[in-house]
Structure formats: C-alpha cells, structure tokens
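In the two assemblies presented below, chain A is common to both, partnered first by chain B and then by chain C.
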Partner chain A sequence: MSQSSSTGNFDVASLVEDVNLRRVAQYALVVFFLGFFLVPLETGIMTAIKTNESVARSLPFAPPVGEGFTLGNIQFALEQLSGSFFNSLIMSIPATIGSVLFGSMAAYGLTMVNWRAQMGMLMLFVVGVFVPYQAVLVPLARFWNNIFPLARMIEPMVASIPFFQGYHAELVPLVITHIAYGIPICTILFRSYYQSLPNSLVEAGKIDGASITKIYRRIILPISKPMFGVVFIYQFTQIYNEFLFAFTLVTGSDAPAAPVTLVLPAIGASTSGINFGIRMSAAFLAAVPTLILYVAFAEQFAKGLRTEA
Partner chain B sequence: MATHDNTEHVSDATDEAVGWESKLRYFLNSDFVRSAPYWGIPFVLMSIAVYGGTGYNFAISFTDYEGLGTPDYSTLDLEMYAQALSSDAFIAAAQNNLVLLVGFTTICLVLGLFLAILLDHGIRFSEKFQTVYLLPMSLSFVVTAQLWLWMFNVESGILNLVVTTLGFNPVDWLGNPSIALGAVILALIWQFSGYTMVVYLAGLQSIPDDQFEAARVDGASITRTYLRIIVPQLKEASVSAAVVLMVFALKAFTFLYALVGRYRPPNGTDILATLMVRRAFKFGEWAYSAAIATMLLIMALGVIGPYLYYQYKQGGL
Partner chain C sequence: MARLTLDDVTKVYTDEGGGDIVAVEEISLDIDDGEFLVLVGPSGCGKSTTLRMMAGLETVTEGELRLEDRVLNGVSAQDRDIAMVFQSYALYPHKSVRGNMSFGLEESTGLPDDEIRQRVEETTDMLGISDLLDRKPGQLSGGQQQRVALGRAIVRDPEVFLMDEPLSNLDAKLRAEMRTELQRLQGELGVTTVYVTHDQTEAMTMGDRVAVLDDGELQQVGTPLDCYHRPNNLFVAGFIGEPSMNLFDGSLSGDTFRGDGFDYPLSGATRDQLGGASGLTLGIRPEDVTVGERRSGQRTFDAEVVVVEPQGNENAVHLRFVDGDEGTQFTATTTGQSRVEAGDRTTVSFPEDAIHLFDGETGDALKNRELPSNRAIDAFVSN
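Coming up: the complex of A and B.
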C-alpha cells in the first residue's frame, strides 16, 4: 500500500489532505484502544501504590502525590500471598512440563499412525480441548476424595521432603489433573507444527534404519525446540492462571495449599467492604509471573493462540 | 484384523497358519504398533480424564446422589433433568447464558476484526500495539475480575467517573440486575478482543497484497475493498474464533466467581456454569449438578460437532 499519487484524475492537494486525515483518524483510534486496554491495568497499579486515604480522595487513575504514596499495601499483599505463590509455582511447573512432554509425544506418535485411525484419535483430542470442565467436576471431586485419596496417602512422604509441608500433598492430584486435561491442547499445538515439517526428515531416518525412539530423540526433539517454547509459555500461563480445578480439589481460600488464584478473591475483604489498595496490590502481584512471561515472549504467546484457532 | 481374515479361509490350514503368523509379525512391526507408546500413554491418560470423567458424570446424573455417601445406581431415571428443566433458576441461568454467548461472541468478533483491520496497514510499530491489545489475554480471570471490580466501583470507579462527567447519574454496574450482565460482557470483551484480533490478523496476512493493489487500481475505496473483497475471505478465521469464544461463554465460571468471591454471582449474571458449581459444592446436590453439567456438555458439543465436521470436510485437520 505505497501511497503513490499516480492516479491522474485526482487533485494532488486534496489527495494528500485525504490521506493525512485518514492517517490521523487511524492513529487516533489506535491510541483510543491503547487507552481502553491499558486503563484498567494502570488504574490497578496506581491504586496499589496509594494510601487508603489517597485512594478515597484522588482520581482512580491518577498517580499518587507526596504523602499519598506507599508500598505498604504491596508489602502486606506479598506477605499474604507468599505461601500461595510457592504453591502456585510448585503446582504449575511440573504440570506444564508433564502436559507439554505428553503432548509432544502424542503428536509425534500420531504422525506414525495411518490416516483413518489418526483422524479418529485426533477428533477425540480436539473434543478434549473444548470439553467444559464443569462436566468433570463432580467425578473429579469424588475420584480424588473418595475413590483414590492420593493426597492423604502420600501426605507423610511429602512432609519429609525439605521445604515441603504435609499439606503440599494436596497439590499432587491437582498436578496430575492439569497434566491429563492439558494433553489435548498441547497435542494439537505440536501436531500443527509437526505437520508443517517436511516428511522427508522422518522418512530419511526410517531408511537409515533408525528406530521410532531414535527418530524422536535425534531428529524431532532438536528441531521442535522453538515449538516447545511456544507450548510451554502457553501452557504455563494457562495452568498458573487456572482457578476451577484448584477450587474443586483444594477447598477454600484459607487452605494452606491454596494457589494464588484461589486466595486472591478473598484478600483485603472485611465486613466493612473491600480494601481496594490491598486488593489491587494482590491482583498485580498475582499477575506478575505471567506478565513477565508475556512481555518477554509476546510473539510466542500470540503464536500459541493463533495455532489453537 | 488378522484373526478375522483367518476364519474366512479354512481350506488350506498350513498356508493360512503361515499367513496368519506373518501377518501378525507384520502388524507388530508396523509403525502403528511401534509408535504406540508415544501416542498410547497420553491418549489413555487423556481418555480417562476426559471421556471417563464425562461418562462418570453422565452416570451420576441419572442417580439421586446428594450429600455425603455414595451414589446409588440401582434406580436410574431422568428425574434430575426434569427437575432442572422445570426450575426457574435453571431457565434464568440458561437465558443469561444465551445472552452472554451471543452478545460476547458477536461483539468480540466485530471488535477484533475492526482492530485487526486498523493495525493491518499503514501503522508504524503495529506489532507493539498488537502486544498491548493482546496483553489482557495473559491475565488470569481472577485478576481481570479484580481490576474490573474496581472499574465498576460505584463511588470511585472510572466508569462512573466518565458517566458523571457526561452529566448522568452514577450507575450501580454490578448491583443493578438489568445492567450487570452487560457489565460482565464488557469486561470479558476487554480480555478477549485482542485474541480475536490476533486470529484475524493471521487471516489478513495470508491474503496476498496484490488484491489490495488490484482493488486500488480499480478505484475502490479502502472501506469498500475491505467489506467486499477482504472480509469474505476471513470466513475460516471467523468460524474458529467464534467456536473458541462460544465454548468459553458456556463455561465462564471463574470471572463471575472472582468478582464477588462467593458462589452466587451478582444478580442477573447467574449462568449455567455458576449454577452447576453452586449446586454441587455449596449444597452437595451432586446428581442435580451433574445433570446440569451434562446439558452444558451437550451444548458445547453442539458447537464443536459441526465445526469439526466442517474442518474435516475442508481438510483442515
């Protein structure tokens, strides 16, 4: 779309004016939406660093002035959340690694299966991506509480690990649950990548007599490093941000094993209402890990979302 | 397969035995079997979780299971479904869900398309803007809910600041049942329109530039070019984005719970997902909530079934 003015019929001056006006309008809209997407975040951060008095008196989006500035709320929120941060991380990291590895394996294995069976299995995986988790909550609660109470069984074992407490055992069923329900999306993401690879790579390996495991480890794994990055970032964000499974399996925001997302909706609330300085501080802190990942790897994150569609 | 073939030709026993054995050996050496550990383990784990889970849920929905104890499978009936379909709370939740689904999906698609076109041509640093527009997608619904709770605040929220500056009375965004659902939709659009934008931008970038050039040479205006030539080519992007958004709208529980921090969302925003979780984990009506969950599942399958068929026919899988 170079703006060449070779279309002779036009008066050049009016064309320039027209283009400029359009440009100005276009940029004005871009800036308007910049505001739309940033204002809730900006307001939240500004409110987090204000004293309660300043929150009540000043405009919500205005930065704190003089006496109105404090880090007290953030400090308080950090103390409240520190345990749950630990819970969130020791839950999200193994769950992400597990589902990403299984997803890669499944996607690779599927490329070896004949087309008909592959389509059938793929359909089952895709449905697994979209299943509303409400449809498995009652079974999940029953399974992990009554049928196979894994958390209670391994509690003494977990308690003996340094830095861990017995209650951290409650996170183990949660990790397994996240792995199992994360497999479908990871498989789909990896499959689209493996499909884009030239077929000759695997064929050459086969002709050389390499086993299926060898092809995976020597050929597929090394070239799918960038995709591992994409899926890892996507999946970590999903699991860290997730609420419903934690809500079902680790009951109560005051449970010692509760991840951040479970604690956040209860922080700074009292009989006299919500203390927004504290609540916004906590919300900001809770968002920090995924925000850092997003700012550092925005392109990978966008790629994950694009491939999903 | 191998054994089945064997029973059909019993005339020549020795010949068949060799054939059967070599067929078996051939089968065991095939890629299908040798790659089984790769696709098999994840497949089994996923199947137990997804299909075992929904199947178990389906079974529970036919019982009268509630409170403590175990489900009793001796008398199975559709009572819970009948009870749900005739209850006012269910009907209201289903209506809210429909409004949320249609309103949220439509506005997200339109706004996302608009943003994609806005950034598609002639904007410097357009990637930086994309990154900002997509940023809400990296936040948890729990965080989004807190940010918007503050935006919606009656005394000091930004929305009421705007409303009063324009000369209107302050609005109780979440307390007024006829507005609350709209407010929730607004917040969810804030989170999701960057996502639709990204999907549309991918679609736009796959359209060759000479189509713009051709339209320009023909003297078509930019608006006309987009409406007549470009947008119709984005059908596939629209369909996949719409499916993701609709399925999300069906199960949007977290945002509503986190707004208030309790089982009952603001009046006028109760949807099937919140109703189901409340019935199950607050009141222990397991069978009843399993029935609601099954209906939710059927609705979600109603959305993705046709989509998968369409994708399969298009060869997009």
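Coming up: the complex of A and C.
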C-alpha cells in the first residue's frame, strides 16, 4: 500500500474498496497469531540473556538494558550440558541412521519385491507404529537390565574407544531400542515414496542382471535421496527429543550417560528456587542441533527435488 | 543369438475373489535365430504379458519357454541373457547415459572397466548419441532417451532383444525414422528380436514375421504379407491393414451372398469353398473396391459418397449403398487425382478375385482373395 501511494496513479477509491471488514479481520488474525507464537520465543531469548535481577525487575519480553545484560547464563548452561550434548548426539545419530536405513530397506522389500505373505508382514509394521510407549517401558527395562544386560557386557570395550567412557555403553541399548521403534514409521514413510516410483526401474535392473540387493544399493537407494532427507529430519528430531526411553534406560539426570532431554529439567533448579535465565539458555542450546539439521537438510532436500525433476 | 521357443505357454492370474483370469492361452511360437518377430494385437490381448514371460518378469503358469535347448521357465530374469526396451524407457534417473549403459555390463558380466567403457562408446557411436554420454536422462529429449534405452539393450550383446512398444512415446515423424533405424540395427546385429506393438503399421513394416494376438490367443503367425492377403480369420482380416478391410455381414442364399443393401452372386468355384456355412461375412480391402468404372462381367452396385479424405497420393472414400442402411458404410481408396465429392452418386464393384469370405459364426476364413500369382506370394512368404 505504501508503495502504491508513492506512485503517481494512486487510486483512493480502490483503496477504500479494498478495505472491507473481511480483509481487516484477516490481517488482524494474522498479526494476533504472529504475536501469539513469536512473543514466547522472544521472551525466552530475552530471559536467557538477562541477569537474575533484571529478570525479576523488567517485563518478561523487554530486552535487557545496561547491566542487566549477561552471557553468563549461556556459558553456565553450556558447561552443564556439554557432556549430555555428546551423549545425545552419539545416541541419536546412529539411531537415526539405523532406523532410516532399515526402514528404507524394509519398504523396498515390502513394496518393490514380490513375495508371499508380504501383506501380513506390512500389517505387522503398521501395528508397530501404534504400540504405545508406556506399554513397553517395563518389559524394556527388564530386558536390558536383567535378561540381556548388553550395557554391562560391552562396557570394557566401549571404555577402550578414544573419547568414550565406560558409561557410554548404557547408550547402546537405547540406540537399539530407538532403531527398533523407529523402523515401522520410517518403513511406512518410505513405502509411500517407493509406491510412486515406476516398477519398470526395478524390472530394468533385473533384466540388466542385477540382484535384488544390488538393485536396492545402486538404483533405489540413490533415487530415494530426497526422501532420506525428509525422514532423517523427522526421525532425528523424534529421537533427539525423546524422553521416556532415555529416562527408563539411563535413569535420572545425574547419570553420566544422560542425554540432553534428561538433564534439561534439572538445570537451573535448586533449593533456592528456579534460575530462569539459565533455564532459558539451556532450552535454547538444547534446540540448536535440531535447528542446524533443519537448515542443513532443507537445502539438501530442495536440491534433491530439483535434480529429480 | 539364439532360437526362442514357446510351447503352449499359458498365463493365468488369480484375482482377489480367487477366480482365474486367463491372460495368455497356449501360445506356441518358434522364433528363429536372428528373426524379427512382431507381436501385435489390441490392448489387453496379452502381448505384453507374453513378452514379460519371455523376459522373466512374469512366471509361466503352464507350458515351456526355451532358449535354444535351455528351458527358461524357472530361470530368473537376471540369468536369462535377455535385454528389454521398455515403453517408458525406464532409464535410471540418477545415472548418466554412460552409467545407464554400463550398468548392465557391470552387473551381468565380469568385463574389466576399460572394456565396458569401450563397448559403451562403440554403441553410442553406432546410435549417434556419443555427445550425450555425460548427460542425465532428465536432460534428454524423448527421442534421445529412446536411443539410450535402445543402447542399454544393445551394449549387452544379449541372446534376445525384447521390445515393449518402444516407439509409442515418440511423435509421428520420429517414430517413422526410428522404425527404419531399428530395422537397420536389428539387421546389422542379427539378434533375435521380439517386438510388441499395438500399431499395425509397425507390425507390417518391421517384422520378418507377425504374430497376431487377440484375447490371449494366437490368431495367426506369418509374414506381414501373408497376414494381409491370407488372414486366418475375421479378426486378423480386420486388424491388419490401414484403412481396415470392409466387412459385410450377410447370409448365403443359393449362390448369392445377401448383405445389407446389396446381393453378391458367387461363382461356382467360390461357392464350393464355402461348405455348409450359411451365415457369412464378406470382406474386401479398400484398395480392391473400384469406384465409378463400369467394367463388364463385374457386379456393380449403386453407392453414395459420404465423406472423402484426401491424402494427396490417394483418397479414402467413405461410401454407403443406396439401397442399404444409413449406418452401413464402407471405404474405398482411389488415386489422388480421381474427383469424387461427398453426395455424389456412383457405382462400385467388388472384383470376385479380391473378396474374402468368413464363416459368420466362427470367423474362420473360408475363402481368401486370389492373387495374380499365388506362387509369387508363396515365394515371398517362404523367404
């Protein structure tokens, strides 16, 4: 509007005509929701860079002024979180790669290869998506602690890897659990993509003499790159943010192998009350890896789509 | 290079209700070493299914499929040494032209890399696409993609080529060019080829022999001219040839064929060939219908011109009998110079040596046209 008013042929009548009640309401709604979603975020960031005193005295969303500004909170949160960051990443990266890769393989086998009982197998995968977390927690803990104490078995081995400590072995059962739990949903996501691919690609591969596994590795896997981007983002976010399995298998925020999601609730809380500055800083720091992934993979994803077309 | 034999090959699908659907029924074919066989028929006739059974992409329900003396029934597509060109080309979208063409050699042979490279380059030279080696399929035109798909089959030097309507996605001009080129290539390479098409022009012009399929059953196998001049039955007669043969349903009454709007007296010799069939169908090719000329000793009928389609070299003239039903029309081709216009009254005649007669019930050919020299055609056919 302001642009058109600067040009010569400015038409007041049409402007008035444009401003009807419906449009006004539409814009009002947009502005309202923009504020609704952005203000908490802005408040969080402002709180993260304020001193305790400033948090208590100024409005929550007001920026810090003068001595109210500090980077101390972020620094402190980073120190507190650094160990659990490492834990989270070495847990969620292999778990994501595992579940995405296995999901893609399963989807290929269930969609593009013909064999008996395919439908029944697919139904099992679908059911797997709906198994509630709560129902498996106790059996899961008993399995990894009593029946098959994998963490204890491989502890010496893990301790001998550089940069790793013995307690990191506790993350291995968690990785396996996440892979197992992630495969059904990944399979179903990939399946819909593979169903859209022409079957003649697999047939051409067969006639060219390639085995079923070679067709997957050399034809289907490279073609599904864009889908990998999508599923990888989704699955990484799921696993990185997951709390319940981590809490069950690693137990407690003070465990040395605790991932970020376990440590986060404990940061900034003490007997003297809650330090909001530190809490907010930690929360934003914890979100950084997923944000980085979104940015990095979004580009890769778009590129993948372009080369496809 | 080898002989491909189909022995009573049958394909039965089971639908969801548990019922059986027969897609291909007892097809027997003997495809000679180096032969170019065209499988032709309307859509849904089972020609693609037959081809896919040869490729190993569908299982054979009954019967035997042999390459030379080797039974192929249980052999997977990977181990058949057969190359196939798909209608959709099915090029690997992420691989360059070079990658597409070398993939088969890498997977099915143990050739060293530099030999694969050399063979790919020789093949692209032959097809005139050597400047496209590093492009991806998405960057190629339809015609170029078609050549790459062809090259992917040729480069492997297989025993048999299978082609599933490879030209149907090209525009008319390019299709005509590729038709000639495919024949040239096949002749040079001498590889046994099975070519599936629904286009009877491709069937007529390309194949050494044509196998006409309808409703899962083999109707006729023979040279294109054989199928054209001596169709086994009504289906082949109507399917082969463009414009298609005129067919008139009627009945035999004494020595006369009574059709809708015309009576056609048959000679004694012709009459003897018909046996006891009473319901008949009379067929005549459009180019055998003479329009306007009144020749002595021939049966002429009054007809009215409905539509004329000029094509330059010749006209397709759509006619109807003056005494006949409005809906009964037939076609004649006349030379491009002849002047006939819609609405004209004219006379047509059907020379008796050019007519075909079919059994009205079974559709079997009872009498085919006589040719100036049947021996000449026989000589042609047997070659």
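A few remarks follow.
In this section, the second predicted complex is superposed on the first by the 268 of 309 C-alpha atoms of A that agree within 3 Å, B and C clash if a C-alpha of one lies under 4 Å from a C-alpha of the other, contacts with A are read in each partner's own complex, and residues count from 1 in each chain.
One rule holds in what follows: a residue touches a chain if its C-beta (ideal position, glycine included) is under 8 Å from a C-beta of that chain, and two chains touch if they have at least 3 such contacts.
No experiment lies behind these values; they were computed from the predicted model shown.
Aligning the two structures on chain A places chain B and chain C side by side, free of any clash. Comparing chain B with chain C, the partner in contact with more residues of chain A is B.
Of the two partner chains placed by superposition, A:A159 touches none, neither chain B nor chain C.
In the superposed model, A:L201 lies in contact with chain C only, and not with chain B. When the shared chain is aligned, no partner comes close enough to touch A:L21: not chain B, not chain C.
When the two complexes are overlaid on their common chain A, residue A:R218 makes contact with chain C while staying clear of chain B.
In the superposition on chain A, A:V65 makes contact with neither chain B nor chain C. Applying the stated contact rule after C-alpha superposition, one finds that A:V288 touches neither chain B nor chain C.
Put simply, chain B and chain C get as close as 6 Å, counting only Cα atoms, in the superposed view. When the two complexes are laid over each other on chain A, chain A has residues 211, 308-309 in contact with both chain B and chain C.
Those residues of chain B whose C-beta lies close enough to touch chain A in the complex are 31-32, 34-43, 45-54, 56-57, 60, 70, 115, 118-119, 121-123, 129-143, 145-151, 153, 156-158, 161, 190, 194-195, 198-199, 202, 209, 212, 216, 219, 222, 237, 240-241, 243-244, 247, 250-251, 253-254, 257-258, 260-261, 272-273, 276-277, 280-281, 286, 289-290, 292-294, 296-297, 300-301, 303-304, 308, 312, 317. The touching residues of chain A, when paired with chain B in their complex, are 1, 7, 22-23, 26-27, 29-30, 33-34, 36-41, 43-44, 47, 55-56, 59-61, 102-103, 105-106, 108-110, 112-114, 117, 119, 121-128, 130-143, 146, 177, 179-181, 183-184, 187, 211-212, 216, 237, 240-244, 247-248, 251, 253, 261, 264-266, 269, 274, 276, 279-280, 282-283, 286-287, 290-291, 293-294, 298, 301-302, 305-306, 308-309. Those residues of chain A that touch chain C in the shared complex are 198, 200-201, 203-211, 214, 218-219, 222-223, 225, 307-309.
For chain C in complex with chain A, the touching residues are 55-57, 76-80, 82-84, 86, 88, 90-94, 103-104, 107-109, 136, 138, 152, 156.
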